[in-house]
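Reading through the structure tokens given below for one structure.
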Amino acid sequence: MSDVSVKKGLAKGLIKLTVLLGIGFIFLLLLGKILPAPTEDGYRLFPVIGSRVWVWIIAQLHLNFAAFVLGVPIFAVSMEYLSWRRKDDRLDRIAYDFTKLFTLAYTITASIGTVLLISLPLLYPKFIDHMMRILGPTWWLYIAFMYVEVIVCYYYYYSWHKMKDKKGAHVAIGGLLNIMGTIMLLITSAWVGYMTTPGGVSETGELVNRWQAVKTFMWIPLSLHRLVANVVFGAGIAAAYAAYRFIASETDEDRAYYDWMGYTSAMISIGFSLLLPGVGYLLGVEIYSFNEQMGIQLMGGFFAWLWVMQAILIGAILMFVNYYLWISLNKMPGGERYFKYVKFLFIIMLLGYAVWLTPHSVALSLDEARKMGTYHPVLGNLGVMAAKNTAVVITYLATFLSFAIFKMSNKESVVSWVKLGNALRGLIVVGSSVIMLAIGVYSYMVTSSVRVKVLSPIQFGIFFLAIIALFILDAKMFKGAKIIGEPRWGKMPERSQYALIGITVTFTWLMGMMGYMRSGGRQYWHVYGIMKDTSVDAFLPTHGYAAVITSIVTVIFYALMGFLFYGIMKLEKKGGQGGAKA
Amino acid sequence: MAIWELRWFDFQAATVYVKYIKVLLKEETVKKVFLGALVIMLLLPAMVFAEVKAYEVVDVKDGGSIKGKIKSSGPVKDPVLEIKKDENVCGKSAPANMYIISGANEVKNVIVAVEDVAKGKAIPKTDTVIDNQKCEFVPIVAVAYVGDKYIIKNSDPIFHNTSLGILLGEGKKRTVYNLALPNKDQVIEKPVKVAGLQIVQCDAHAWMRAFVYASKSPYAAVTNDKGDFEIKDLLPGKYKVKIWHEGFGETIKDVEVKAGQATALDHTFTKK
Amino acid sequence: MKGGAIKLFLVVVGINIFFAYIGLYFLPQSQSLPPKTIKIEKGIPQDELIAVGESIIFGKGQCMVCHPMKPETGMRAPAIATIGAEMVKSAKERNMPVEAYVFEALVNPSSYIQKGFENMMPPVHKPPTSLTEGELIAVSAFLQSKGSNITINYPDSVPVLQEEITKEAKKGGSG
Amino acid sequence: MRILIAVLLAMCFPVLGYGAENAAGNPEGKKIYDGWCAQCHGYKGDADSFTKDVSLPKPRDFTFGSFKFRSTPSGDPPTSEDLTKVIRNGNPGTSMPPWSRFSDAEVKAIVEHVKSFAPDTFAMEAKPIKIGTPPKASKELIEKGKAEFKAAKCVDCHGNAGRGNGEKGWQDDFKTDWGYGIAPADYTHGWELRNGSSLEDIYRTISVGLSGTPMTSYMDSLSDDKRWALAHFIKSLQLTRQLGLALKVKKTDNLPSKPNDPAWEKVDYMDLPIGGQLMFDTRDFTPVITNVRVRGLYTTKELAILLQWTDKKPNDGSDGKPTDSIRIQFPVKKHEATELPYFFMGTNKAPVNLWQWKASDMDKVFASVAKGHENVEPMEKSDATAMASYDDGLYSVVFKKELKSAKDDPVFEIGKFIPFSITAYDGRNGEENIRGAISAWYYLMMEPPTPLKVYVFPPVISLGVLIVGIGLHKKLRKNKRG
Amino acid sequence: MLKIYPIIAVIGLFLSIVAVLRKSPFFNFAGLLIFIYGLLKSAEYIMPALPAQVILMYMAMCVFSLFIYFSIQEETFKAFLEPMRAVLADDNKKFLRLIIVFAALPLFAGYLTYVKVKPTYNPPVSARIVHPEPPSQMDFKGKTMNVLGLENPLRKDTANFAKYVEEGKKIYYQNCFFCHGDDLDGKGHMADAFNPVPLPFRGTDTIAQLPESFVFWRVSKGWRGLPAGSGPWNSAMPSFEDFLTEEEVWKVIMFIYESTGNKPRSW
């Protein structure tokens, strides 16, 4: 592998892409001829499982891989940049490992994309006609960028070792790669944005202004949301990869490295995930301002229960994260001093989790409904947004404290104002919690618009202020602190790695479910308000059905990922390059 | 019960208690209650006496008597009962035996009773038999004496129940006894406790009826086939005499009884 | 450590089965069906018209997304239960016929906003709701039945409705 | 002596006033009585009251001095406890409710007041009979009770099955002390036995009778053990009432051939409590039928619904009174969501389909479509059929209908909850048309046959867990050794 | 009623405390779960019972979280697993193993599966709105009335108050008590037959929260006047305008307020 020259690599990449696209177009032409003509409404039916399920699975898989190949480069390039500035080889190795990962993943992504490319026009000819008419040029733009991206990507990968001495330039190429990726993300978001919150067309679906059709309500918020989610997802996948390698490792050294890698990736993933509610909020605001009806439908109508599901999932993720951090105390010299705090954090997490998964209106048995009506008089109060927001900020704060504990567990502050510092820390934690709780209680008494538009942002603002304050305080307190001992990387029980896997799988599943929700917001429209879905699949399936499909997609995705990981390991064994520096 | 349903403090009850306490604390009330208790204690023996006052047995010497004949203004046709139940025992139809009137228009089964007698001779120890025979009460009219017994019999192989009740008019009554006689030769004895004219019925055979005059004194009689009756050993004085027949109804006559003499009391009923 | 990989995969599958299970058994299972087109014939009896209107309010029109049935605190939009009477009142205030007011409220809702509410209602004859003329009239009749006399019927009220629709279209053109 | 008393009386004149008030009037009792009893029993205790014409059984007239519910021998007045018990527990099956709101003192005051209406009766001594320990129920005992039920001629009035349909209980002048007609009790309806349905209650009723009614006292004619045996037998006749919202109808290969086929007894049932039709003129305040038991079965082709109810005196309309009848009602259209037609006869907007059976035409169904109670049109064609039987006071009517439905027919879909309601008419009670006893909406659901997975999955999972257990066991053992 | 769940909770707590003292995390875990279950179930004594589904959700969360908690430290985790390992592998636990691992657990799993796959059918729930929204106008025997602000004309005639109440009593017991009860507690002798059950007038939940005008509307219009959401198709409440005059309706309203000690809402 190391022998492959940059040129050859580039050629390989370009040929692959061209061949795939070619196959796609040829299949499209051929099948278009062979297959029976679409129905009057403009549909063809995919055999057995139906068009919707087929496109759903393929699109979701494609999306997952795309998220991976867009998210991981951001992560990899930042690592490389850090390694370059800090002269830390470990980081460079991580970066290289990831580059390997996403370069390989490109092929899979493109292959699945090809299947999608064949499927969509064949199964939904009328709809795709419409899309092409409105947003056709962006599609050619998309192909063009795809080529550029492949070139940049392969160049970036194959020139890694050649450009060892020109790190700056190499990092710049990485930057370019990410810019390309973001542009592609913007283009695809524009498509989805147009479908959900169309603009720039007349009521009958005639193009009025193409730029308006691209620049829809959803475009930027959705892109932002996806960008952040991609980073979280990419880092999560990296953590999962590290976990996988950790478990598969045979030497202590490898284990130490992959432990560290898993930790770093997971923390980045979680760190960025703190931004998600914010960008999600933006997205929600835009949807509401496009069409109140759709917003309410998504938040409180048909999909209300999916937010409970989301709560269960995010609660599980936070639990996994905390668990990972607590278990990590084992490997910190001096970590055992902090086990006594874990109990309290655990109880807070548990209570927060309980609040978060309490549904507002409960699906009841008949007897229960007769006894208490639709809402439980007590539980009903825990089910509303006021309680949920409060619970989430407090559990986030607890998670941050777990992280802080982990960070300082092997240090002892030497500054003179230790006592004052500790008091200050306590004050920040307790004070902010009390304020957040008070705002939560106050939220019950105001109208929903005040709650959504004023109090919730204040709660989140206080949360961020609190963690920033804690962060600065800790940095000051532990400046030049006495270090009890270096972390014993690799001294982690295997089960901690399952927690990492759990985080990533849950996150992937969550992405799938949110996709169902976003797409469901359109209800029985291909393009909301412009083009009706008149196919047999025009209805929204039940949540259970969606959950099963999401699970299937996730399992397929991880099976493919497994092959990818396995392939990399095989490559390493063959070439030895980039593997553990034994 | 859910906690919030529990009334920790029952206001309604509390107001009543407070009222009681207020009343109790008033000086006058305390006095009143105390004196009241005293009076009741003193009056108690008197009350007991008042109860017993009902009928006083005395030795009657040289008493008078009432004697007479009850007649009808003319012959009355006795109705025939149609029987739809237990026909094998009761037969298809039976005479009601309501108007048993002789050729001379003398009426049988008329109750003649001297009312509200305060004193007199001892009550005879004669128990009153009520027999269910072929779906008919035998006798149809009888006199019973308070303190004695009813002997209620079933001579039929079928179920009868015997229900006695004070007649209140318009088909209404007040039950005195309602006793089951499910089998043949069943006998039930019951004390005669409630005084007055009573109807005897069998709910199972609604046409069956009899009448019993439960008397507190020994001074009551039923006319015989010739419409004759006699009431003996009355203390001299003025009395009210009740003459009652199932079909003809009731009249009350004032009679003065003189010592050692027989006062005649005849009456003729007219069918309305 | 091949066992490790298998174990990991089992964990992944297990987690997914668990989530699918939650989705299947914890969440209420209902489908959201696309609305059916409702045929309204000429000279339809009033109570049937109202019934159709009601079904649109709860179904195709998706009015219940914003409008509560009963007045409640913090409601987004006026309550349905008293809307008929309210509309009569407002029409009187604005000195226009009640029918015209009702139709305007449906097809040109931003032209007059009830006190205390925000301008957020979309014109319902346009996509995505896209109610037909007959459906609009049915809805109007139903709204009138909530506390006022019903004066709207099909097809006599069509001209009034069309006038309001053209007004709205003109406004859209100029603004 | 008398003089002394007179002097004393004079002395305590103010006191006496107080005392007299307390003893005779019981003002507290009168106040509550006037507030909460007089509406039915009359301000004077004579039952000449607001509800005298709208309740069945009629309210008790206290002035007669006859009291049904006693623990004392026949002829004796009830004890205060007996009266208290009636006030506290009410009389099931009548409009006398249990009064739990009053304090013990208040109930005592009411009892005092009630007693004052019949001073003669209550002047007598009242001593409750002794109720010993009941023998334990056993098959033999119940058999013995059954024999005794015949021997003591209980059957004469209460009928062979204890439904109150005995021949002697239905003479025209079967009357109470108050001059009203009365019907023998239906033992199968334990929930509406006026004097209580427990074994002791039954024993007590047999022993002392119900004064004022033809129910006679057996204390002197039957020995104690026989009465207990009887009580056990009667107790065993009581139906277990199953109230619910939905009847599950199971699939079968062959429907029972007759309405009184014993095969029906094994089928799931549901009891519908029914009440008078009170919404439309003429209202029925005094329905007699209070319970209809519903059973159902279906085959691939047909649905059969069995309705059973007690009618103590069948009436086919030949005596000038209306005929006995029952009617089942379904929505005409498939009902959507929770919206239904009006539960009695539908409305113009939402019509209902009615199948009526009449005792005058035993095997016929009168099918009609109703759009409100004033707008009923007979259906020209309906393939619903009926079969009926009358056994020992029990009507059994089976309605059958093919599952496929034509216009105006109800829609029978397997696995769906199909609403239905019942109207029952007792002709003897003068019930017909809209006067009758009605039920709310209930559902019947034809249960789809149990899917195969119910039999397959559990054993598979069990086996799986077992295998995992064994595997873990093996593995841990190996680890231990290794 | 025997309050079993608090006892279960106490037993669980006791078990977990003993387990803590004897350093047996597994039994601590089990005890805590029992404690939490008992606690959640005990809620039904002070509030409407928690729905089964919510309890299931909480319990699943607790199992998951507590398991995580006990696996943080290596020694604790080992001790936690020890009883399970012992049952599975130890020679002296053969009998226990036979019962738990080879019999009880598979059977229990089979049972749970059975419960889950067995098809269950629930009849549709008809929600009831106790106080439906009144219309602004109503029609009483052809007379149009404004429901809001409608006042009881008889209340002004304070001199005859007792008379009206008494007349109302007669009307009540000839028209209403079959369902709403002798004691106005909604438990009349025909109440069982109807669904939804008749409303009680006692207590502070029903008429005490309503102005008389509302009650007038409900009494006069009955089922016919109910809005669709309140299920007029199920209500047996007659339209009393068919049977009573306007004045009689007011009288009966006065009676039900007076006799239950409630006051009509006047704001």
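The letters A, B, C, D and E name the chains in turn, as written, and every chain counts its residues from 1.
Please note the rule applied: a residue touches a chain if its C-beta (ideal position, glycine included) is under 8 Å from a C-beta of that chain, and two chains touch if they have at least 3 such contacts.
Note that the structure is predicted; figures quoted are calculated from it, not measured.
Undergrad: Can you list every chain in contact with both subunit A and subunit D?
TA: Per touch definition, common to subunit A and subunit D: C, E.
Undergrad: Closest chain to the protein's overall Cα mean, using per-chain Cα means, please.
TA: Ranked by how close its C-alpha centre lies to the overall one, first comes E.
Undergrad: Can you name the chain that lies farthest from subunit C, using the mean of each chain's Cα atoms as its centre?
TA: B
Undergrad: Averaging each chain's C-alpha atoms to get its centre, pick out the one most distant from subunit E.
TA: B
Undergrad: With respect to inter-chain C-beta contacts, which pair, A-C or C-E, contains the greater number?
TA: A-C
Undergrad: Roughly how many whole angstrom separate the Cα centroids of subunit B and subunit E?
TA: Inter-chain centre distance comes to 59 Å.
Undergrad: So, what's the distance in Å between the C-alpha centres of subunit D and subunit B?
TA: 38
Undergrad: How big is the gap, in whole Å, between where the Cα atoms of subunit A centre and where those of subunit E centre?
TA: 42
Undergrad: Once you find the CA centre of subunit C and the CA centre of subunit D, what distance in Å lies between them?
TA: Between these chains, centre-to-centre, one finds 48 Å.
Undergrad: When you check subunit B against every other chain, which residues touch at least two of them?
TA: Within subunit B, no residue contacts more than one other chain.
Undergrad: Could you list which residues of subunit E touch at least two other chains?
TA: Within subunit E, residues 47-48, 53, 57, 123, 125, 127, 228 contact more than one other chain.
Undergrad: Touching at least two other chains at once: which residues of subunit D meet that condition?
TA: Subunit D, residues with two or more chain partners: 245.
Undergrad: Tell me, which parts of subunit E touch subunit D in their complex?
TA: Against subunit D, subunit E makes touches at 85, 88-89, 97, 101-102, 105-107, 109-114, 117-119, 121, 123-127, 169-170, 172-174, 177-179, 181-183, 185, 187-195, 222-223, 228, 231-234, 236-239, 242-243, 259.
Undergrad: Please name which positions on subunit E make contact with subunit A in the complex.
TA: It is residues 43, 47-54, 57-58, 61-62, 64-65, 68-69, 71-74, 77, 122-123, 125, 127 of subunit E that touch subunit A.
Undergrad: Within the complex, which stretch of subunit C touches subunit D?
TA: The contact residues of subunit C facing subunit D are 47-48, 51.
Undergrad: Quick check: in the complex, which residue numbers of subunit A touch subunit C?
TA: Within the complex, subunit A contacts subunit C at residues 203, 243-244, 247-250, 291-293, 296-297, 301-302, 305-306, 308-309, 312-313, 363, 447-448, 498, 501-502, 505-506, 509, 513, 520, 523-525, 528-530, 532-533, 538-544, 546-548, 550-552, 554-555, 558-559, 562, 566.
Undergrad: Touching residues of subunit D toward subunit C in the complex: what are they?
TA: Residues of subunit D touching subunit C: 348-349.
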